[in-house]
Amino acid sequence: MNILDILLQQSPALIVATPLLGAFLTPLIGKLGYNVRNIFIIIILAVTAFLVFLLASDVFSGNIHTYVFGGTTSTVLSNTVIRILFEVDGLSIFMAIITVILSLAAVIYSWAFMREETGQDKYYTLLLLMTTGMFGMVLTGDLFNFFVFLEITSIASCALIAFWTHKAKAVEAAFNYMVISTIGALFVLLSIAFLYGKYDALNIAKLASRITPVSFSFIDKLSLILLLAALTMKAGIAPMHMWLPDAYGRAPASISIILVGATQASLYGVFRICFTLYGNVIQIPEVSLGWIMVILGLITMLIGVFMAMIQIDFKKLIAYGALAELGYMFLGVGTGLTILSNPQLSLASNSFALQAMKGGIFHIINDALDVGLLFLVAGAVYYATKESSLNNLGGIARNMKYTTVFFLIGLLAVSGIPPMNGFASKLLIYESVYQLNPILAIIAILASIMLLAIMVKVFYSAFLGPKIDRFQDIREAPKSMLIAMGILASLIIFFGLFPDLIVNTLVEPAVKAITHPTSYILWLTGGV
Amino acid sequence: MIIELLHIIIPILIVATSLVAVLLRDLMASAISLAAMSLLLSLEFYILQAPDVAIAEAGVGACLTTAILVLAIKATARMEEES
Amino acid sequence: MIANIPFLAVMAMIIIGLATVVFKRNLIKMVIGVSIIESGVNLFLITLGYREHSVAPIYTASPGGIMSYPVPQALTLTSIVIGVAVLALMLSLVIYIYRHYKTLDIRKLGGGEE
Amino acid sequence: MEGRMLVAAGSLTIVSIFLIFGALLIHPFGVPNAYKMDQYIIDHTQNESGANNGVTAVVFDYRGFDTLGEATVLFTAVAGVILVFRRVKKE
Amino acid sequence: MMSKIVKTIAGISFPFITIYGLYVIAHGHLTPGGGFQGGAIVASGLILLLVAYGTDWIIEKIKESHLSILESLGALGFIGVAFLGLIFGGMFFTNFIAGTSMLFGGIPTSTAANINTGGTLPLMNFAVGLKVIAGLFAIVLVMAYAISKEEGE
């Protein structure tokens, strides 16, 4: 057994433990100086990235990778699961890849962006902890463990949103997010308690195998509603979206980009619960929430687009754009769920269900890259000009050439213009939604066009136009920020040029994971 | 029998103290009321055969939470504004 | 036997807490509401693991007999510590909000400088 | 503002009704369903983890990873509080 | 700042509270308690001192950065024991000491208390206890210090 095999076998634990170890060490390493600490953190994340891709290579070959914590004896009995276990399938590893890309970009970006700030040791500690929390959320196979990591993610992100404590709005946004996410997490815990009381298990696969159409009762319905309400609240879907633009807009840019990942981890929770935990009962009317998801997605999209029109703050405008993008993901996956959960439609239009799912899932990674790039650009503009209001910006393209190019790439990608990656996923969503209902597809396309118009307006007013005296001698963003933006931009172009490759290697296993919950549930017989 | 009676009385007291904590205008008084609720909760944990949790709730809920709350109230305003 | 009164008390606590968060306008009252919900959920977990006429799951000097279930107790321990962590961070944010706006009333926030 | 309060009150009422029904419909107090997981732990704690306290055995052995998460939450909160109360350079 | 009576009583009771807390930590695998509970008790004792003697007196003795480092060490000890489980037992968090002849390796069979049992549990209890004492006290200390500074200005 060589070292790679051992690493592969242990990788689910190590992916979480490595950034955690880094976070615990950061206060000690921080004493050694600025560069040492930053290099240390980049090394930690690079090791994590290596482990994620190692694990991905195994999972994409069709396995479901399980890892039992502390398991020498009694790991798996025929009728119960005692210990915590991680269960990694295509969707989990897909989310883990997004997390690792975003956090690496954020850390590289922070090198220059945070240079002047105080409290950097704590900043990097919390950043690593947030990454840890997201990894835990997406990799775990245990519901209570999911709750614990959810709390880690939300506490760390709240503290980081309030990073600029001298800005009243930032603290207020952090407090609002904290209240929302704590109540959401407590609802999650309450429904975990209900499920535990009824089914005597905390393991997702075990619970899923016990929730059957025969046993389905009021308690299951209550838990489902509580879980979905809490997680959609945390993901920023329509009725409870108010905290999202504030939190995204007020946080430092390097945190906004990780927050995108944190919201998507909550979205992962929604998908995991709809498709896996309640996978056996997906055709019971109370569970088939496809239409609700479609409508919520549409509302989110429209709110995002309309509110983005009237924003004058650069980052808040992008935050509303991110809200609109969230709507697309929900729309795509909701369409898939609608078709899958309808027994009459299921056989005839299964390919459309798969296509909608593919679009929705593919859009998750595209959204992370596009919106992330735009946030980084906004941060770079703020760094150079100390100005966040669009009314006062103008003519900065001459001095910040690279940043302008990156903004242009992000603009085209976020509004779904070929050849960027946003086009590939949005096309999949439009086509499949059209099969469900043409009006929905038309609304989605119109929203996209409006988003393009808004972004082009921003491009003209902020980057082009006459040169303002104040910005006569602003300088281009520092190298580390350009590198971070460059990574995301090159990934956007790469994904846009080879969408089929990405869909086949990354998205296909994730879609397979959520449309075939039985393979996740039946890991017992599949061997551990 | 006495235990069953306690299982009825203590939860009702817990709800009553939490209601008091919410309704009082004086924030310091509601912090104290919350501490009383924590203490009753820890008693309830004890008779529910969870001594570990009872110790934790008594230490964390009744002492630390109250300390942090009192600190925060000292740093801000003591009375709740009239609506 | 006693008709789920502890469960109903738990739900009453959660509802009181939620009502506080939704209707009260004072920030510290909102935090107290969150804390009450937290306590309610903790009590719910412990109540789920209780068996009639049981003893605590500790073998040292135990008189024997059936034992109450240990897993919910372990979960509650975790939940209590998470609760105090959340509370501390929330109250520090409240203190900062007060420093900026000089009020705890949620309706009066939102003004002030950027 | 009035309309918003009305919506909030309505949704709170619905949630309350759901929760109360949940409390009434779950198993009777003190008589849980057959709990295989807990019974296994009660039976095997002494042999497998060597501890006499079942709760500590669950906290640190069977569900040790949760406890790591819990310790991390505390660590996060401390870091967060120190971060919030640090000295900020005003621009 | 409190009166002399409060100071004296706090000074007398603090060692008892601390010893009780350490007892709860050390006997976590035998009697009710453990790292968290004991840590919370010791932290409560420290807060008693803070209330009685005032923030300035405490901050001369313990700096918040020291507590931060102690907390990191506690957390590192905890995760370190878990990693040892990976190295010696094959999986993260394996209780590799239980059932061996090492310290704490005994297996209890009766209801009698035997401190030499529990495997990795006592080690983790100590690490978590250190972490919780430092962490909880650091939270209160930082808040109290920041508030007293604000009032002083």
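Letters A, B, C, D and E mark the chains as written, and numbering starts fresh at 1 in each.
Please note the rule applied: a residue touches a chain if its C-beta (ideal position, glycine included) is under 8 Å from a C-beta of that chain, and two chains touch if they have at least 3 such contacts.
Please read these numbers as outputs of a predicted model, since none were measured by experiment.
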item: Most distant chain from chain E by Cα centroid; value: A
item: Between chain C and chain B, distance of the C-alpha-averaged centres to the nearest whole Å; value: 10
item: Centre-to-centre distance between chain E and chain C (centres being mean Cα positions), rounded to whole Å; value: 23
item: Centre-of-Cα separation between chain C and chain A, whole angstrom; value: 28
item: For chain E, residues that touch 2 or more chains besides their own; value: 30-32, 34, 36, 68, 75, 79, 82, 92-93, 95, 108, 111, 113, 132, 136, 139, 143, 146-147, 150
item: Chain A residues counted as touching two or more neighbouring chains; value: 20, 24, 69-70, 144, 148, 151, 155, 158-159, 162, 165, 197, 202
item: Sites on chain B at which at least two other chains make contact; value: 7, 50-53, 56, 60, 64, 68, 71-72, 75
item: All touching chain pairs, where touch follows the definition stated at the start; value: A-C, A-D, A-E, B-C, B-D, B-E, C-D, C-E, D-E
item: Residues of chain D that touch chain C when the two form their complex; value: 5, 8-9, 12, 15-16, 19-20, 22-24, 26, 28-32, 35, 37-38, 41-42, 45-46, 52-55, 57-59, 62-63, 66-67, 69-70, 73-74, 76-77, 80-81, 84-85
item: For the chain C and chain D complex, residues of the former touching the latter; value: 1-8, 10-11, 14-15, 18-19, 22-23, 47-52, 57-60, 67, 69-71, 73-75, 77-78, 81-82, 84-86, 88-89, 92-93, 96
item: Chain C-touching residues of chain B, taken from the complex the two chains share; value: 4, 7-8, 11-12, 14-15, 18-19, 21-22, 27, 30-31, 34, 37-38, 41, 44-45, 48-53, 56-57, 60-61, 64-65, 68-69, 71-73, 75-77, 80-81, 83
item: Chain E-facing residues of chain B, complex; value: 51-52, 54-56, 59-60, 63-64, 67-68, 71-72, 74-75
item: Complex interface listing, chain D residues touching chain E; value: 46-53, 55-57, 59-61, 64-65, 67-68, 70-72, 74-75, 77-78, 81-82, 85
